[in-house]
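Below, chain A partners chain B and then partners chain C, in two separate complexes.
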Partner chain A sequence: MDRYTPLKYLLLWLLCLAVPAQAALEIRITQGVEGALPVAIVPFGWPAQVGTSPLDVAAVVSADLHRSGLISPLPVARMPERPTRAAELDVRKWRQQRVDYVAIGQLIPASGGRYNVQFQLFDTISGEQLMGYSIPAEARTLRQAAHHVSDLIFERLTGKRGAFNTRVAFVSAQRSQQGGSVRSQYMLQVADADGYNPRTIFRSGQPIMSPMWSPDGRRLAYVSFEGRRPAIWVQNIDGGERQRIAAFPGINGAPAWSPDGSKIAMTLSKDGAPNIYVYDLPSQRLIQITNTNAIDTEARWMPDGRSLVFTSDRAGSPQIYQVGLDGQDYRARRLTFEGNYNAAVSVSPDGKTLAMVHGGGGRYRIATLNLHNGNFRVLTEGRLDESPSFAPNGSMILYATDDRGRGVLAAVSEDGRVRQELILQDAEVREPAWSPFLN
Partner chain B sequence: MNRIKLIGVLVVGALLLAGCAASTKKPADEAAGDPSAMSGAGTDPGAADGAGVGADGRMPGDPGAPDVIPLGPDGSPLHAEPLPGGMGDDPFNDPANPLSRRVIYFAFDSYSVPAESVPVVEAHGQYLAANPHLRARLEGHTDERGTREYNIGLGDRRAQAVRRMLQLHGVGPAQMEVVSFGEELPAVLGSHEEAWRLNRRVEIVYEGRN
Partner chain C sequence: MWAEILKRPLVLLAAVFLHAALFAAVAVNLRFIPPLKPQPVQAEVIDAVVIDLDALTGMQAEREAAERRRAEAEAAEQRRVEELRRQEAAAREQAERERVEAEQRRQDEIRRQEEERLRQEEERKAAEEQQRQEEQRRQDEERQRLEQERKAVEEEKQRLAEEKQRLEEEKKRQESERKAEEERKRKAEEEKKQKAEQERRRQEEQRKAEEEKKRKAEEEKKRQEELRKAEEEKKRKAEEERKRKEEEERKRLEAERKAEEERKRQEEEKRRQEEEKRRAEEEARQKAEADRRARELRRLQEGYENAIRAKVERNWLKPPGYRPGDKAIVLVRQLPPNGTVVDVTIEMCTGDEVFCRSVRAAVLNSDPLPRPPVPEVFNPLIRFTFEPQQ
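What follows is the complex of A and B.
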């Protein structure tokens, strides 16, 4: 019991997390976990005569696995030995340390500035190798290769596909004083799922909102207020070409890509009240789905593409509804009945769980609704938690929270056991969107 | 009349005027502000590709505490002063004239115009109806609570409520444009009742004036 108290975990975590100088995000584990799988990722070998290692692969892998909440990596300082080859490994020492699985490996320089990331995973009870791979990489893809190692270990140990080699999009806002007036800069940014390698793909002096990934992970749809009017844009992540797809009078908001990538659901108020529409990209045809005088918005697709879930205040306060798209009548069904504020839904990849913003008692927190058994759970403890977004494997929910008046990103495991904050320096960050699987 | 509220109204109104007057417009911003864009809709790639333009720095300073009064660029309080260069008998600058009030405040999660603001909206309705060449943008805003896109909806409903009331007074549909910024452009920064109250608003922005 004592071994896994949250405070102790936090300290241990800080010890084993080596944050390089170029890190743009600081990751702070705010709530630890009991009962996670005890593993050890031993620091990888590197030929000493070649200088210093370009990347601490084991640290990246440990950080990834720890963030999942399902696996708890042993801090380097408590490792009984540091083998880098199978012949050097003594599984008894690890068993005594109550470590069930040990990963060892080497980073090997190859010709032409290339590398090979080699690793093996061992079961300390049986002493057998569970897996072993060599992954080729270049200097610029070394972190990706490390995330790939994390994915492989995670899937072998949990049976779930890893989502470490993915990306996150978010909006950041910077205020600056210029000659007596305050100017705001808004940036649409994309970073690796662990917060590294952030880059700005669009910048504006007017608000940017609601980034949403295309199912192929190559484009983002988002809302930009450039010219002081909202419009929905689609932009390539690489290359940067952008196209305006909706600029009607009134609201152009809340874009959501269909699972097959052919349609974008959106909120428009061109015909009166905010309602949900579906825009078919190949035919450029626009279909109105809801038609109320209330606020209907924040549509998301169910994984089968046959219905939408969305927010509506048609019954007086915002609640989540579902509307089927197969028939012609588009009749909506109410899904949430807990409290009087449920909005901004995110659908788990298996379609079984909805994450949403749940308001009550003057606070807004992230909650989940299990669509099969109706269980409703509040997962977070913030004051203004918003914009939940499921990881592509469903294991974590990324969201925006308020840290002493500043917007930061946070993640909570789908069972609510592990929480962490991702702190971007010098900016307010919000509206995170987790990418789909990229490979 | 609640004095604090009146000052608040004037402060925010004056701030908006001052903030906009001080901003420097870039060419792309002017193009995007073309009234013809109001009726234009649909797919229009290539237009308004204003990466990084349109910054007008309209965010007033951080109040820090509920009763802090925002200051102008010169450091003096921004309440109820006639705008420099304004004419003495300009109804927009005469605090006794309801036209000097161009911000309508709303109750939490509500989109009906409160009774005390109806005379202000009526005054603008009569003024716009009598001056059909004038155009006004109705910019809807919310406080920070609740989800961002739902708040875009809420700001839109608020601006639409003002729009309907103006229309009842004979203002032509082409004279008005509704834009909701939701919680994205607060008038006052901070997480407290007073900031929230000042942020739940519709701003009546006369084209060419502000």
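What follows is the complex of A and C.
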């Protein structure tokens, strides 16, 4: 650099002060990176004189946000400070750590075994507070309150509604040794979206299959083999009342509630081959939708309720088809053409993406098909992944997988970037179904 | 017939019984015919039983008689049948005889007809022969008649030819007389014409001699005129020659002067061109240098812009929920020489809050911006337009 360079810059600088209307350098940005937002959830404060905290709220929130794949919480060990109040926060330290957002909070015990979960979210770039909430909770609902915090932060940072405060239904099986003979016990269970707080709502010595949530999240439809014959049942989750709605000769399987809750699509083989039927709950009328000699099953509703997607092996191997319900002729259109096995479809809440089991090379993995641009993407790396089920906000997909010979539940972010097994009790777990939004 | 009857004995029995009944009825009737006639009623009532007994005995006798009559009837039937057979044989014999006789008659008739036919044939041939001879004779007579007629026509022709020859000779004679007369007239005419022609020639020669004399006087006059003209022509030519020579001299001097001028002009031109060339070369050299510098600067400028773009794009976490068409314009003020960002203004943002925050974070996380390779490409103001592509 010659000795006049600083002078030149000074002149330039003065020039740009003097002429503010100077033409700016125009740069177009069309590409970005797909990555998780760098965030820190600082461990919540808890008054030391009261003993130990009943729940590590920050840990629950961090796990939730991490599982989404869209947010990357900073490990506690790498945090430059651990403020619990806004006055203690120094955003510059977090900026140096390249953390864009910091959440701090406190768990405050209140009278009568109640708690207040207080938290604030800061933008470290601008230094301003983006949100601040105080959520009352009981000991029983403390985890729910934590999931609620996750939902609020997730929605503010991604623009998408959070689905952490929802539930999953699944079937677990236990084998017990009784007097020399092995007995299997099947349980239909409902747990929090992270797998905690499992609760059995139906128990049977015969298999239970295909649980499916009603759109209001209050009932489950499922297939039970009690009496050694399959039948479709609808059960209230809270009251426990059960009602048998289909017990035809042959197969009664794969129930799926319509978006308005008035109909249930199902697979029946009463007239020969398994075909898709729609059962209208108010009128108790049954309409046959498909009529082939192939196996048509696993129907799911598109969000507009005007068509179904389902699995059929009419072309020789299982593939996903779509059939419109407007009109009379119910013509099915094939949707998947990748590989020789695509089955067990789940529809994203916006109807733009299908998740399915994709077979190939002796493995069964979860894949998504973008219906708008046709992109087909394999998301998981398991050997026997099955029963994909979209989260109600579409950001994650719950599925059953095989972990060292044991059936467990896992969740994968919609872009496939983050995969995580759900913590569950020591049982064989299968056929998960993610609930709709519950509030 | 008996075999037929024996096959059906019941029928026989019924027939017999029927016959018996009929005969009985006839007998009773015969016996009852008298009582049908008007009689005193009282007296007859008492005898009624007796009559019945009589009738019964009568019926017995009647049955026997009927039996007898039946045997007789059968014998009669037998006889009738034999008689019929016999008659039939006689009739057949008669018929055969008649057939032979008829055949005989038919043969005779055929023979008779054949004889008749032969006879007629001979008659027809005789008549035809007579007719043919008659015809022959008639044709001969006709031929002779035609021959005579032909000869008469021939003689008439001969006569007409002779007549014609005579008429032609008469015509020739008249023609020669007419020609002699014409010849005589034509000679008289010829004589008259020759005399008139001689007179006309003489007059013509006289007229020509007069014209010759006149023409010679004319020619003399013309010759005098020409002599005068030749003298004048000579004088004019001498004058022209003198003028031409003067002109040539003048032209020669002019050409010499022009050549000198041209030489001078060319020298000047050459000097000018050389000067021009030298100047153009200098200009080109300067221009090439300037171009090279501009290109270099442009290259540096592009590299600088690319470095800034790359850094911002690397730091832009595209939010997952952005909608196609979202757009933001961010004006950044930076300080030389390190590219320290001193001010970020979002001039426009059509996306949601998450999108707008993301572009702001992208710029701020890119602080400091890349240093310019040369001070000339530095611009304190940079306007970023964020337009994500799917």
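Remarks
Basically, the second predicted complex is superposed on the first by the 403 of 439 C-alpha atoms of A that agree within 3 Å, B and C clash if a C-alpha of one lies under 4 Å from a C-alpha of the other, contacts with A are read in each partner's own complex, and residues count from 1 in each chain.
The rule is short, and it goes like this: a residue touches a chain if its C-beta (ideal position, glycine included) is under 8 Å from a C-beta of that chain, and two chains touch if they have at least 3 such contacts.
Predicted model only: the values in this text are computed from it and were never measured.
When both complexes are overlaid on chain A, the residue A:Pro274 reaches chain B alone and has no touch with chain C.
When the shared chain is aligned, no partner comes close enough to touch A:Ala367: not chain B, not chain C.
Looking at the superposition, the partner that touches the larger set of chain A residues, chain B or chain C, turns out to be B.
Contacts of A:Gly35 after superposition on the shared chain: chain C is touched, whereas chain B is not. In the superposition on chain A, contact is made by A:Arg242 with chain B only, not with chain C. Of the two partner chains, chain C is the only one that A:Lys160 touches; chain B does not reach it.
In the superposition on chain A, contact of A:Val99 is made with neither chain B nor chain C. Of the two partner chains placed around the shared chain by superposition, chain C is the only one that A:Ile125 touches, whereas chain B remains out of contact. In the superposition on chain A, contact of A:Gly250 is made with chain B only, not with chain C. In the superposition on chain A, no chain A position is in contact with chain B in one complex as well as with chain C in the other. Against chain C, the residues of chain A that register as touching in their complex are 5-6, 8-9, 12-13, 16, 22-37, 70, 98, 100, 123, 125-126, 156-160, 373, 395, 415.
Listing the residues of chain A that touch chain B in their complex gives 175, 178-185, 202-207, 209-210, 225-231, 242-251, 253-254, 267, 269-270, 272-274, 284, 295-298, 311, 313, 317-318, 341, 343-344, 357, 359, 364, 383-384, 386-387, 402, 405, 430-431.
Taken in their complex, chain C has these residues touching chain A: 305, 308-309, 312-314, 316-321, 331, 335-337, 352-355, 357-362, 364-365, 375, 378-390.
By the touch criterion stated above, chain B contacts chain A in their complex at residues 19, 22-23, 28-29, 31-33, 37-57, 59-61, 72-74, 109, 144-150, 152-154, 156-157, 160, 177-182, 184-185, 191.
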